[in-house]
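Each of the next two complexes has subunit A plus one more chain, namely subunit B in the first and subunit C in the second.
Let's look at the complex of A and B:
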């Protein structure tokens, strides 16, 4: 077992451990903090794989952006420090089934495609390549999905502004 | 994996470099507190600290000792784990950014081996800095929530909203810079600004991207939580803001992290826009004196630029009054972001025009 392996298991333990704590803790705020550590562990895993760009994007978007927003909304909800109630058994069963289905979906993909180790990368994960691929209109380019996703985000943005702007209508 | 290539000498070299950088930034942060008081005193026609040592130079030591000796109070209703995690995270994030900063030109030994004055030259240096900066707000948020205090909570809310809003404009202003230099590596961006004058124009990015610089420096004030954007710790409304409940060295960590952040931000500003360790006439020095001197003067020049920026931050703090919160949001969303987008558009158009 060399240094790289040890690092991998440390990162995996961090991701899984904090992920488990995030779903089992009954304090909402702590769950968010554990989620934060889990996401940082993911970023570490990308760094370990030497996908620096994706790792940095993971930190900027998920750790620095989305989790801040989650915590921000927890700040605004009341009694965030109180322990949450234990969910009903029915809800627990359905949650378990949903989690299992998600896990099965990923596992099927992993088993069906056998990943083999290779020295020659088809495309080096440099920023230039990612940019060209993302906005490419040739074969294998992602310009169309990229634009579709941006329209979806624009719609969400306008929608949230409309909701925020709504003045209480007068009911006589 | 890359880990197999690491030798003991490499580790030793990096450990020494990290210790020097850490010690240096702590020392500079310490004397920034002294400088801040002196600047405030000059601005307000007072004398400032002048009892401990000559010109009050031992004042930071006395302050540190005082903070260590003070009684440590943790509120009983607070969330103890997060209460301790808050200031620790603030300090950790403040120190982490220094890893990707190129402190000086490479030193080439006689036997051809190269000593880099940089802890890690990762090829996404700017994104790394940006990521760590976006993590900086967690220290404030955790501490403020764990204090179980209404003033702290309000302060945490303000800090979070402010950080998220100003990060956007900061990132957009950097995109224009990255588009122009075509690299995300800090060292490469600094190397591109070699010397001072080349082909009939300035090499420093400030002269190519003045608007990006203005947006970036305004956003750094906001990210640093310094006046005129220090709404998360404004005494007149929120008592002490997020550090109301903190005492002893935990309070010290928060205050200290702010000064380290200020130093690192000054270094980043001078690296990205003011040529970093480059200075006019460095080729002449390399040719006529010795390449080693280029590196030594380079490090000193970088530190000099950083000190100039620190003083600028202080002058602004003691000159401008604090914004109101809606004004702060208006400035961020309605002025800086459209300006940054406009800057991006113009930069793109100019790059396209010059390519043909």
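Let's look at the complex of A and C:
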């Protein structure tokens, strides 16, 4: 075991441990904080895989945006220190068994398949290549999905404004 | 070339980040090029088999599925969906690294945009629902059933 493996195992333990704590803890705010640590560990894994721009976007969008949004909505919907209701034990056991069966099924497929990595060094994941490919209109370009995604963001913006603007007299 | 002596040992024993840090500390003219450094990273990536990254991604996805099936709180369910989307992102990045294909990382950005839009709209709907029924329990929100 060299230093590379040790770093991978540390990051994997951080991601999986805080992810597992996020779905099993009884307090909602602690779940959000555990989710934050899991997302930070994922950004570290992207750094480790040398995808620096994806790691930066991960930190900005997930850690800086989505987690703060989740914490805001927790404060808007939750009384302080209130424990959450849980499902019945039979349903919890069934959920764990179902997730584990899916895990085992795909795991067997991954172990049996041998992936052969390609040797050649093609395009490096630099920001220039990402921008050229994302706005390219020729073969291999992603200009049309880029525009569709921008329309989706506009729709989400308008939708959240419409939801938030509804006055109490209209809702009741 | 001094690269065969002590630096080779450092290259083999320490991890590449420490090696890169040492090189940037020395900052001399005959520093190794970025392509050699990338080849070094690729060799270390090959030492860590890419199946392990797939195992990690799969385990994180199953944790998310378990959370969606197990919990009753709507915000926790949205958080588990975020975990699952992150697992898919890690899977795409791993395959992009394994096959040297830059197309996969663009899908990662699209997935991030869709996830951000989805979670903002979802949380807005949850907050509005809490104002009406004073609960975010998904077992109470079943009025469409009958």
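Heads up, the rule we're going with is that the second predicted complex is superposed on the first by the 134 of 172 C-alpha atoms of A that agree within 3 Å, B and C clash if a C-alpha of one lies under 4 Å from a C-alpha of the other, contacts with A are read in each partner's own complex, and residues count from 1 in each chain.
Assume contacts are C-beta pairs under 8 Å (C-beta built on N, C-alpha and C of every residue); 3 or more make two chains touch, one makes a residue touch a chain.
Note that this is a predicted model, so its numbers are computed, not measured.
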Comparison of subunit B and subunit C by subunit A residues contacted: C
Which of subunit B and subunit C A:50 touches, first, second, both or neither: both
Which superposed partner A:22 touches (first subunit B, second subunit C, both, neither): second
Partner chain in contact with A:69 - subunit B first, subunit C second, else both or neither: both
Which of subunit B and subunit C A:59 touches, first, second, both or neither: first
Touching partner for A:7 - first (subunit B), second (subunit C), both, neither: both
Contacts of A:127 with subunit B and subunit C, given as first, second, both or neither: first
Those residues of subunit A which subunit B touches in one complex and subunit C touches in the other: 2-4, 7, 50, 57, 65, 69, 72, 76
Subunit A-facing residues of subunit B, complex: 1-4, 6, 79, 82, 85, 122-124, 127-128, 130-135, 137-138, 141-142, 145, 148, 153, 156-157, 160-161, 163-164, 167, 171, 184
Contact set on subunit C toward subunit A in their complex: 12-18, 35, 38-39, 41-42, 44-48, 50-56, 58-60, 62-67, 69-73, 75-76, 78-80, 82-83, 86, 89-90, 93-94, 96-103, 105-106, 108-110, 112-121, 123-128, 130-132, 136-137
Residues of subunit A defined as touching subunit B within the complex: 2-4, 7, 29-30, 33, 36, 43, 50, 52-53, 56-57, 59-60, 63-65, 68-69, 71-72, 75-76, 80-81, 126-127
Complex contact set, residues of subunit A against subunit C: 2-8, 12, 15-16, 19-20, 22-23, 28, 31-32, 35, 38-39, 42, 45-46, 49-51, 54, 57-58, 61-62, 65-66, 69-70, 72-74, 76-77, 84-87, 91-92, 94-96, 98-100, 102-103, 106-107, 110-111, 115, 117-118, 120-125, 129-130, 133-134, 140, 142, 145, 149, 152-153, 155-156, 159-160, 163-164, 166, 171
